[in-house]
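Some structures are shown below for you to check.
The following pair of complexes shares a single chain, chain A, combined with chain B in the former and chain C in the latter.
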Partner chain A sequence: MSSTQWRNVFTFNKYSQITAQAVRSSLKETQRLAAEKRGFTALRYQKWENGKGGEQVILVPEAESGSKKMAAV
Partner chain B sequence: MASLRLIASAARRAPSTIAIARRGYAEASDKIKLSMALPHQSIYNSTDVVQVNICAATGDMGILANHVPSVEPLRPGVVEVVESSGSKKWFVSGGFATVHPNNTLTINAVEAAPLEDFSPEAIRTNLQEALRVANGNGNEEDKLEARIEADVYESLQHALGSH
Partner chain C sequence: MFARQTQTAVRAAARPSTILATPPQARNMATLRELELRLKSVRNIEKITKSMKMIASTKLAKAQRAMQAGKQYGAANAEVFETVKEEAASGRKLFVVVSSDKGLCGGIHSSVTKATRRALANDKESPLADSANATVESDSPIMVVGDKSKAQLSRALGGNLVMTFNQIGRDVPTFADAAGVADLITKSGAEYDSVVLIYNKFVSALSYEPSAMVVKGEKSLKDSDAFKKYEMEDDFTKDLAEFSLANAVFSALVEGHACEISARRNAMDNASKNASDMIGSLTMQYNRGRQAAITNELVDIITGASAL
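Up next is the complex of A and B:
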């Protein structure tokens, strides 16, 4: 698939994040360490039903081990 | 004959066209106000510059003073800012360049850095990895993502190699 077809698969925001991450990972050592932090996004969500909160789910980017961490808080 | 005179007199009575400001070419001394901003950093803030060369998705463009208002998406590439004191090149990951009617240019990008901040070894390694995934056996989404990254790395290599 040529890269001009990304619009069929990704949203513009996702494409932007892909190219931004590519640029960040190409910087020299010192700038890269600061820049990598900008690419980090962690998310925690909780579903509410009938006024009661459900389990809180934490999603972190896949670490080297590859598995998504899920924790109830 | 009578109809010709009628038309002529009607033309004289017709309101003259509204005066539209005529667009011309920029003089060498004219400057354009550049604001270049990333989400985390403001690189230029209404700074007077002579010329800005941008890597628009439709091709490379040079923006001078009093450019016609336009909105241009940027591809991952080099933005060169020419001030009276010299020029500086930045590699941007993408974004938009907007020329406003009041002689201002706004460039928004997600990531950008001066060319000297990039490491050719890191780019070479990243490119090899991206090509390996793009030509490999993964799912289509991963391959497309790697293809996009490979294009960015190739663009970076070209920018660093020829500057």
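Up next is the complex of A and C:
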């Protein structure tokens, strides 16, 4: 994708996250594990209309597959 | 145990007098049993709150370090917009309320919710009051990070809600979280000239206060004279606006997270103190009750013995 065209598809933040993910997966094993923690997000969002919430959407689905035990707080 | 043995002895020895004696004794025993149960449950609660306090204390150190690092992002942001500050954000404001999903942390969520309500009501104590950004439209869109504030705001200002986020704040927030939030804000299609982040500012390990951070949107950046001095191309201005939003969101998220952990530590500390006070007073009551029951039974035995 040429440098002028990505702006039509996604925002700068998305662009920086994609490039960051590329850098992280190219690191050596130990550094990569440390870096993956910094890139982890389990964010979910919900659109609201007239005081009513819509469905919850997971932003990065593959990140959810590694289910971790949750602490109480 | 002495009480129960003497009771059976009394019952065997002097039946007529126990008909009158057992009701008050039964009352005392019932009260004693209640007290015992209460004592057991309060002891359990004390153990739980103590362990939660320990966990929060260990998390606090890490959260504070992350906050120091994260605030640099917010500070770097502010540098760029130094020149633009005079033309304070007029026009439509989008509120982003930063809290979290978990409770048992004192007044964290309600403090942010109240600040947002004050801001929308243009109250004189609103977090925006001291800057020149005074007037806020009552139908300003609101986005909430965190289920607790979402519940509170959906009751108070449900009509203004545009989007909510959750699953942030389990661990220290990452820039990926902030970038995701900023991305969704920019793509959401809500109309705004600037974004106001309402979050809890970390004053000390014992206190926090709600505060507002204003981030200018792309359009108002382009229109402001001071920014034109940088002579940036439109594309880069858009990138900068988006990235600065992500920076500001990140700084607010980590600071809010640190405040939440410290508030939880304090709340659990208070709860443990209250629980141990309760244990002290309940134990006193229990012992007094137990000794009164024993004394009554002794009196019964003695009067019974003297009657024979």
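Definition applied: the second predicted complex is superposed on the first by the 40 of 73 C-alpha atoms of A that agree within 3 Å, B and C clash if a C-alpha of one lies under 4 Å from a C-alpha of the other, contacts with A are read in each partner's own complex, and residues count from 1 in each chain.
In the analysis below, a contact is a pair of C-beta atoms (placed from the backbone, for glycine too) under 8 Å apart; a residue touches a chain by one contact, two chains touch by 3 or more.
All values derive from a computational prediction rather than experimental measurement.
Student: Should A:Ser25 be classified as contacting the first partner (chain B), the second (chain C), both, or neither?
Tutor: Touch status of A:Ser25: first partner only.
Student: Check whether A:Val9 is in contact with chain B, with chain C, with both or with neither, and answer first, second, both or neither.
Tutor: Only chain B is touched by A:Val9; chain C is not.
Student: Once chain A of both complexes is superposed, is A:Gln17 in touch with chain B (first), chain C (second), both, or neither?
Tutor: In the superposition, A:Gln17 touches chain B and chain C alike.
Student: Figure out whether A:Arg38 sits in contact with chain B (first) or chain C (second), or with both, or with neither.
Tutor: A:Arg38: touches chain B and chain C.
Student: Do any residues of chain A touch both chain B and chain C, and if so, which are they?
Tutor: Residues 10, 16-17, 20, 38 of chain A touch both chain B and chain C.
Student: In the complex, go through chain A and note every residue touching chain C.
Tutor: 4, 7, 10-14, 16-17, 20, 37-48, 50-51, 53, 56, 59-60, 70-73
Student: Touching chain A in the complex: which residues of chain C?
Tutor: Result: residues 52, 55-56, 102, 104, 154, 158-159, 161-168, 170, 174-177, 179-184, 186-188, 235, 238-239, 242-243, 245-246, 264 of chain C touch chain A.
Student: Would you mind writing out the residues of chain B in touch with chain A in their complex?
Tutor: Residues in contact with chain A: 39-40, 76, 91-95, 110-113, 117-119, 122-123, 126, 130, 140-141, 143-145, 147-153, 156.
Student: Within the complex, which stretch of chain A touches chain B?
Tutor: Touch list, chain A to chain B: 1-3, 5-6, 9-10, 15-29, 31-32, 35, 38.
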